[in-house]
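The structure is given below, and queries will be raised subsequently.
In order of appearance the chains are A, B, C, D, E and F, and numbering begins at 1 in each one.
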Amino acid sequence: MSLYYDLVPTGIPGLDEALGGGLIRGRTYLISGETGTGKTLLSLSFLINGIYKYGEPGIYVSVDETYDQLMNGVRRFGWDLEALREQGYLEVLIPEMDIIEKIREKDPITIARSLVYTIADYAKSLEAQRLVIDPIAPLVTLEKDVQVLREYIRALVMGIEREVGVTTIITTEIPTGARVISRYGVEEFLAAGVFVMGLAQTTEGDFKRYLFIRKMRWQAVQPTILEVEIQPKVGVVVKGPLKDVHIPFYALMI
Amino acid sequence: MSLYYDLVPTGIPGLDEALGGGLIRGRTYLISGETGTGKTLLSLSFLINGIYKYGEPGIYVSVDETYDQLMNGVRRFGWDLEALREQGYLEVLIPEMDIIEKIREKDPITIARSLVYTIADYAKSLEAQRLVIDPIAPLVTLEKDVQVLREYIRALVMGIEREVGVTTIITTEIPTGARVISRYGVEEFLAAGVFVMGLAQTTEGDFKRYLFIRKMRWQAVQPTILEVEIQPKVGVVVKGPLKDVHIPFYALMI
Amino acid sequence: MSLYYDLVPTGIPGLDEALGGGLIRGRTYLISGETGTGKTLLSLSFLINGIYKYGEPGIYVSVDETYDQLMNGVRRFGWDLEALREQGYLEVLIPEMDIIEKIREKDPITIARSLVYTIADYAKSLEAQRLVIDPIAPLVTLEKDVQVLREYIRALVMGIEREVGVTTIITTEIPTGARVISRYGVEEFLAAGVFVMGLAQTTEGDFKRYLFIRKMRWQAVQPTILEVEIQPKVGVVVKGPLKDVHIPFYALMI
Amino acid sequence: MSLYYDLVPTGIPGLDEALGGGLIRGRTYLISGETGTGKTLLSLSFLINGIYKYGEPGIYVSVDETYDQLMNGVRRFGWDLEALREQGYLEVLIPEMDIIEKIREKDPITIARSLVYTIADYAKSLEAQRLVIDPIAPLVTLEKDVQVLREYIRALVMGIEREVGVTTIITTEIPTGARVISRYGVEEFLAAGVFVMGLAQTTEGDFKRYLFIRKMRWQAVQPTILEVEIQPKVGVVVKGPLKDVHIPFYALMI
Amino acid sequence: MSLYYDLVPTGIPGLDEALGGGLIRGRTYLISGETGTGKTLLSLSFLINGIYKYGEPGIYVSVDETYDQLMNGVRRFGWDLEALREQGYLEVLIPEMDIIEKIREKDPITIARSLVYTIADYAKSLEAQRLVIDPIAPLVTLEKDVQVLREYIRALVMGIEREVGVTTIITTEIPTGARVISRYGVEEFLAAGVFVMGLAQTTEGDFKRYLFIRKMRWQAVQPTILEVEIQPKVGVVVKGPLKDVHIPFYALMI
Amino acid sequence: MSLYYDLVPTGIPGLDEALGGGLIRGRTYLISGETGTGKTLLSLSFLINGIYKYGEPGIYVSVDETYDQLMNGVRRFGWDLEALREQGYLEVLIPEMDIIEKIREKDPITIARSLVYTIADYAKSLEAQRLVIDPIAPLVTLEKDVQVLREYIRALVMGIEREVGVTTIITTEIPTGARVISRYGVEEFLAAGVFVMGLAQTTEGDFKRYLFIRKMRWQAVQPTILEVEIQPKVGVVVKGPLKDVHIPFYALMI
C-alpha cells in the first residue's frame, strides 16, 4: 500500500499540493479561527469536493443555524446541498436545542459516546467517509474543568476515529482577540492537524484572508501561511503563499 | 427569486454598496463598539431609513434611557420619532426596571422565550420588519456561566429569527480597553454579521470614526474599514475606506 | 425651545466651545481618570462656575476628605466655599463613615433609592441645578457581581435624573495602570457623556494635563483631546488641542 | 495665617522646592515603589530632617526588620537613631509578630481604631509631628475583599489624620513588575499625595534612581520626575529633573 | 569513571555535540513546545537512535493516539517500530482510557507510585535504558492545586529516577500562545534539562523549526538556539545555530 | 567595630567588589531567576568559597535532587562536597519527601518554627556561618493565601536571622515568562538583598548569563547588571558590566 493512498485529498484547489497529498484517512483535523474567517466555507468545501471530485459521501453537523438558514446561505454560493442530500451523498444534522439540553445533563463520557453512536449510525447508512462538526462548542458539555473537558474531547475524537472511521474536520471558534488557537486549549493536541484561518491587513490597509498550516502530525509538511480567497460556487481557494502583509505573531500563535 | 431580494438594504448612504446590497432578511446582526462610538445612531439609522426609504415598520428596544431622554436626544438630530410612532411605523419599547428585575428571576431559557413572545406581539400588530435591541446587556440574565449565557443568547437570537421573522440589529457594549468584540464573548458567533465601530486617531492627532465590516455570513463581502461620520438629521454616513489613520490591530480584533 | 437652551454651560473657559454649548440639562456625566489628574478640580469648577456665572446653586457630595480638609484645600485655590454655603448657593454633603456602613447593609436598590431621596431633599431646599458626586466609589454597595453593580449604578443615575432633575457630574477613580475608563466597567454606558483626564509626557519629558472628550450622547461633538491647566482661583482651564505629546493609546482607551 | 505655614517642609534637599514648600500639615502621603527603590531611606530622611532641621519629633513604625537590624542598618548611613530616641525626639515602634497576629483576628474597623489609638498615645507623649509607617502591608488586615480593604485603609488614614494630627508618610510595596502604584489599588486615592520611586536605565545601561511626584492634592505642583541619589549620612537627595533615561510609561503609571 | 561515560548520547545528529556528549544517565529531561513543533519526533528519535546506535532498549508511553495510529504514523517516516518490538528492543505502552480514569480516582501520590511501578516492571523485563512519556498531561492527576501538582510530578520524576533508573524524556504541551515552558509551571524545575521546540519566521516569511537548549543542570552547556529539520527515516536533525529569523523573546521564555 | 567587618565576602570573583565588600552578616538574601539561570551554582559558590577562602562552615538545604544526584552533579564541576562533609565544614540537608508531607499538615507558623529549630541544631554542631536554601518552594506550606504566605516566609526568615544567626541565601524559582522576581510575590520584601539571574541574547543571537544586583538594603550599592560565566571547578564568576545585549525591561523587573 503506497503512502499516497493513505491520504484523503481535500479537493480544495492548491491545498492538497501544500499538504503533500491531503489529510490522513480516518484522522481528525481542527480548523480554528475568529468569527468571519471562513471556517464554515472551508469545511463545506472539504465535504462538497469530496462528493463531486471523489464520490465520498459526507455528514455535516451544525447547531448555529437552522436548516433553512444553512440551505439559503449555501445556495447563495451556488451550492445545491439539497440535491446532494436527495442523491444520498450528504446528510445534514442539526440537532434541536432541547435535545442538546437533555443530552447535556448526562456525564461527559456518556455524552461523547452518545454523539459518537448517533454519527456512526448516519455514517453507516450513508457510507460516509467525511465528517464536519462546525463548530464543536455547542456539543461540548457544560463541564468547566479543563482536564475533564480534555477527557471529553479526547473521548469524542477517539470515539469518532475508532467507531465511525471517517476523516473529520472540526471547527473551533476562537474568542476574538484571544491569543489561542482553540476555545478550550486542548483541541489542538488531540487533532492530527491544525489549520488557523484569519484576516491580515496589507500595508495599504486592505485585508487578505489566510490559512496557516500549523500542524500536520506524521506528515513532512513545512508550516506555511497561504493566502486564500472565497469564491462563489467554489468556496475556499488557495492562492499561494501570503505576501506583503503584516500578521502579528500572536495571530499565528507561534 | 433573485439573490437581490433576499437582502434588506440598510438605507445608510454608502453602506449597502459595501455590503453588496444589504443584510440577509430575517437574520441577526451585531454592532459592537466601546462607549461613544455611534452604535445607537447606526442602529436608529437602520430603523428610520427602513421606514422612510422602504416603508418597513420597525421596533426599537432599549433600557439605558427613559422615553423622554431618548425622544429629546433624537430630536436634536432632527428626527421626529414620535410622529413615526403615531403613524404606526415605529414602536419604542423601554421596559420598566422592575419588570426586568422580575423577569430575571426566571431561568434563562424562559426569559429568552418571554422576550421573544413580547417582541413578536408588537411586531405582529405593527407588521414590523426591522428590530433593534440597543444594547443587549440589560436583557441578559444574571447568569455568569459563559456556556449558559451562550445558550441564552442563542435561544434569544434563534427565537427572534424563527418566531418574529424580522431583520435584527443588536448592539453590544465592549468594556473600554478590552480586546474583544462582544461583552460575553459569544454574541459574534451567533450573529450572521458583525460590525465593529470605533475611533481612530490620525497622525495629526485628530479622531475619525470608523465602521469595520468584520463578518458577513454567506455574503462575499471583503472585510473593510469604512470611515463614517455622524450628521444631524441623517445619522451615520459612510464616507468610504478609512485612510491615513493608525488603528491598533487589537481595536479591529484581527 | 431652541436647542441651545437645552444645554448647561460648564463655565469652564474653553470647554463649552468644544462641547458646542455645554452639557445636556438633567443628564449625568462621568469624569474618569487616575489619581492626581484633576477630577476634583474639574468638578468643583463646574459647580463654582455655575454659581458665579449662571446663578445655579449646586451640591457637592464627597467622602474622601473631612469637611475641614476640603475647605482648607479649596481655600488654597482661592475659592471661598463657606461663603457660598452661607449665601445658600452651595451645599457640601460629607456623610459620616458609620452612616455609610449602615446604609451598605441594605440591598443595592434600596441604597440607591435612599441616596437619591437624600440628595433630592437637599436639592429641593437649595433649588440646586448642579450636582457633583466625587467620587462614586464610596457610595457603591459592597456587591461584587458586575451585573448587580450595573443595576445599582443604573438605579442611582436614573433616580437622580428622574427625581432630582439636576445636571450631574460623577467622578470615578481608575486604578492606576488599568486600561479602563471606569472602576466598575459599566459607568460609562450609563453616562450621557464621558470625560477622561490624564497626564501626558512631552518628548522633552515634561508632563501636560489633558481632558479627553470621549463620548457626548446626542451631541455632534467630535472626540477631542484638550490640554488643560490647573490655575489657582480659577480651577481647570482648557488651553486648546493637546500637541507634541505622546499619549499611549490605551490611556485614551481607543 | 499664610498658606506657607500650612506646609511641612520635608527637609530633603531639592524636594521642598519642587513641592512649593512641602507637604500639607496633618495629611497623609504615599511613597510607592518596588523593592530596593529607596522608600525606607526617603521616609527616614523625612523623619530625621524633621528632628534636626525643624525640631519636630517623629515616630517610625515598622515590622520588616528587628530593632537591632534597623539600628545597625541606619548606623551604616551615619545616622544615630538611638541618640535621637534617648533625647526624646524619636520613637521606633516595631510590634512583635504575635501581637500583630492577635490584632488581626479582630474585624478590620476595630484593628484600624486600635492602631490609631496606639500611635496616638505615643505621639502625645512625644509631641510627635511626623509619622512614618514603613510599609503598611503587615498592618493590613487579612481581609481580601478590595472594598472592605478600602474601608479599612480609609479608617486608618482618616483616624490618623483626625486623632493623631501628625503629617504622615506611608510606604507601600509594589510587587515587582506589577503596573500599579499601590499594593491594594486603593491607597493612592486616600493619600493627599503620591510619590513613586523607581529605577531607570540610561541608554548606556547604567541605572538612575528617580522620584516621581505623581499627585499633590490641593497643591499646584506640576507632575515631575526627579533624579535622586542615596548618600551616606544624608539619605535621599534630589538632583533635579531626570534626564537621558528611558522609563517605560507603565513604570510611571501614566 | 570518566565524566564522559556518565552521559547518554541522544544519537540525534548534531545534538550530542551541542550537549557536550549527551544527557546525564538516569535523569529526566523535558521537551516543551506548542502543538506541531516536533516533540514526538524528537523523543522518538531519542528512543530509536538508542536502539540502533547504542543497543539500548526503550519504552514509549503515550495516550494521545491508538496503537495503530501511532504505528501507521511512524511507518510514514520509514521507521518500523513493530519490528523493534518483536526483537525485544522496544515497548509501546498506550494505556486504555478507562484504566486511566480508574487510576485517577486515587490520591496523587498513589497514582504516581502506581505509574512508577508499572513502568519499572516493563523496564525490568526489557532491560530498558531509555523512557519517553509523550505527553505527560494525560497521566497527570485531576488535582488543580499547583502545589499538590508539583508534589505529584516530583513524586513521579523522582520515583522514575530511583525505581526505574532509565534516562527519561518527558514532553509537555504548552497551550498555544501561553508564555510559559510547561503546562503546570513546575515541570521545568524538576527536570535535569529543558529543551524548547518551536517555529520561527524568517524575514522572508518562511518558517524554520528550532530547538532551544534552555537548561542543562550540572553541564557546562551554553544556552543555544539550534535550527532543526524533520527528515523522513531520520527524524529530527540539528542543522546548526539558528540564523536570520525573528523569534519573539517570549517564545524562548528568556 | 568597622563597617567592613559587618560584611561577609561571598568569595565569588568580582562580586564582592561590586557589593562594596559583601553581604551583611546575619541577614538573608534572595537569588531569583528562571530555570537554568545558575541559581544553584551561585549559592554553592557562596558556600564553598566560604569554606575554602574564609574557613566558614556552611549548610546546604535542598529537596529537588537526591543526595547522590547532587553529589554526582557537583563532582562534574570539580567540587568534592563529600570531603568537605567529612572534614566537618559542610552539611547537606535533603529532607525525605514523606517528612516534608507530614510537616506540611501543621499550621504555617509551626512549620516555620520547626524548620528553624532543625537548621539551628545543625548550625550549632557545625558552627555554621553560612546557609543556603535552594529552592525555598518545597519548604513552603500549601497555604495559598498570599498574606498568610507572607507571614510564613516572614516567620521563616526572621526565625533564621534570630535563632540561627547565619548569613543566608535563599533561591526562588520564577515560573518562566512571569514578570515577577519571586514565586510568591513577597520574598523580595523580606530579603536584605535581591539578586536576579537570567539569560540575555546578544544582537548576534548568542546568549550571555547575567546577575542583576536588584536591591541591597542599607548598602550604598548602585543597581548593576553584571555578566557572569559558569566555570568548572570555580562556579560562578563575575566578568564585569554586561554589554552589547538586549535585555527586555521586564526581565530585570524595573
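Points to keep in mind about this one:
Following the convention adopted for this analysis, a contact is a pair of C-beta atoms (placed from the backbone, for glycine too) under 8 Å apart; a residue touches a chain by one contact, two chains touch by 3 or more.
Please read these numbers as outputs of a predicted model, since none were measured by experiment.
The chains in contact with chain B as well as with chain F do not exist; no chain meets both. Because chain C and chain D carry the same sequence, their contact can be compared by residue number, and under half of the numbers here are used by both. For this pair, chain A with chain C, the centres built from the Cα atoms lie 52 Å apart. Centre-to-centre, using mean CA coordinates, chain D is 30 Å away from chain F.
Multi-chain contact residues, meaning those touching two or more other chains, do not occur anywhere in chain F.
Judged by the touch criterion defined above, the protein chains form a single closed ring in which each chain touches exactly two others.
Order of chains round the ring, from chain A towards chain B, by the touch criterion defined above: A, B, C, D, F, E. Put simply, chain F touches chain D in their complex at residues 3, 6, 24, 27, 145, 147-148, 150-151, 154-155, 158, 161-162, 178-182, 185-186, 188-191, 194, 214-220, 222-225, 241-243, 249-250, 252-254.
Within the complex formed with chain F, the residues of chain D that make contact are 34-36, 40, 64, 66, 69, 72-74, 76-77, 97, 101, 135, 137-138, 140, 142, 144, 173, 175-177, 198-201, 205-207, 230-232, 248, 251.
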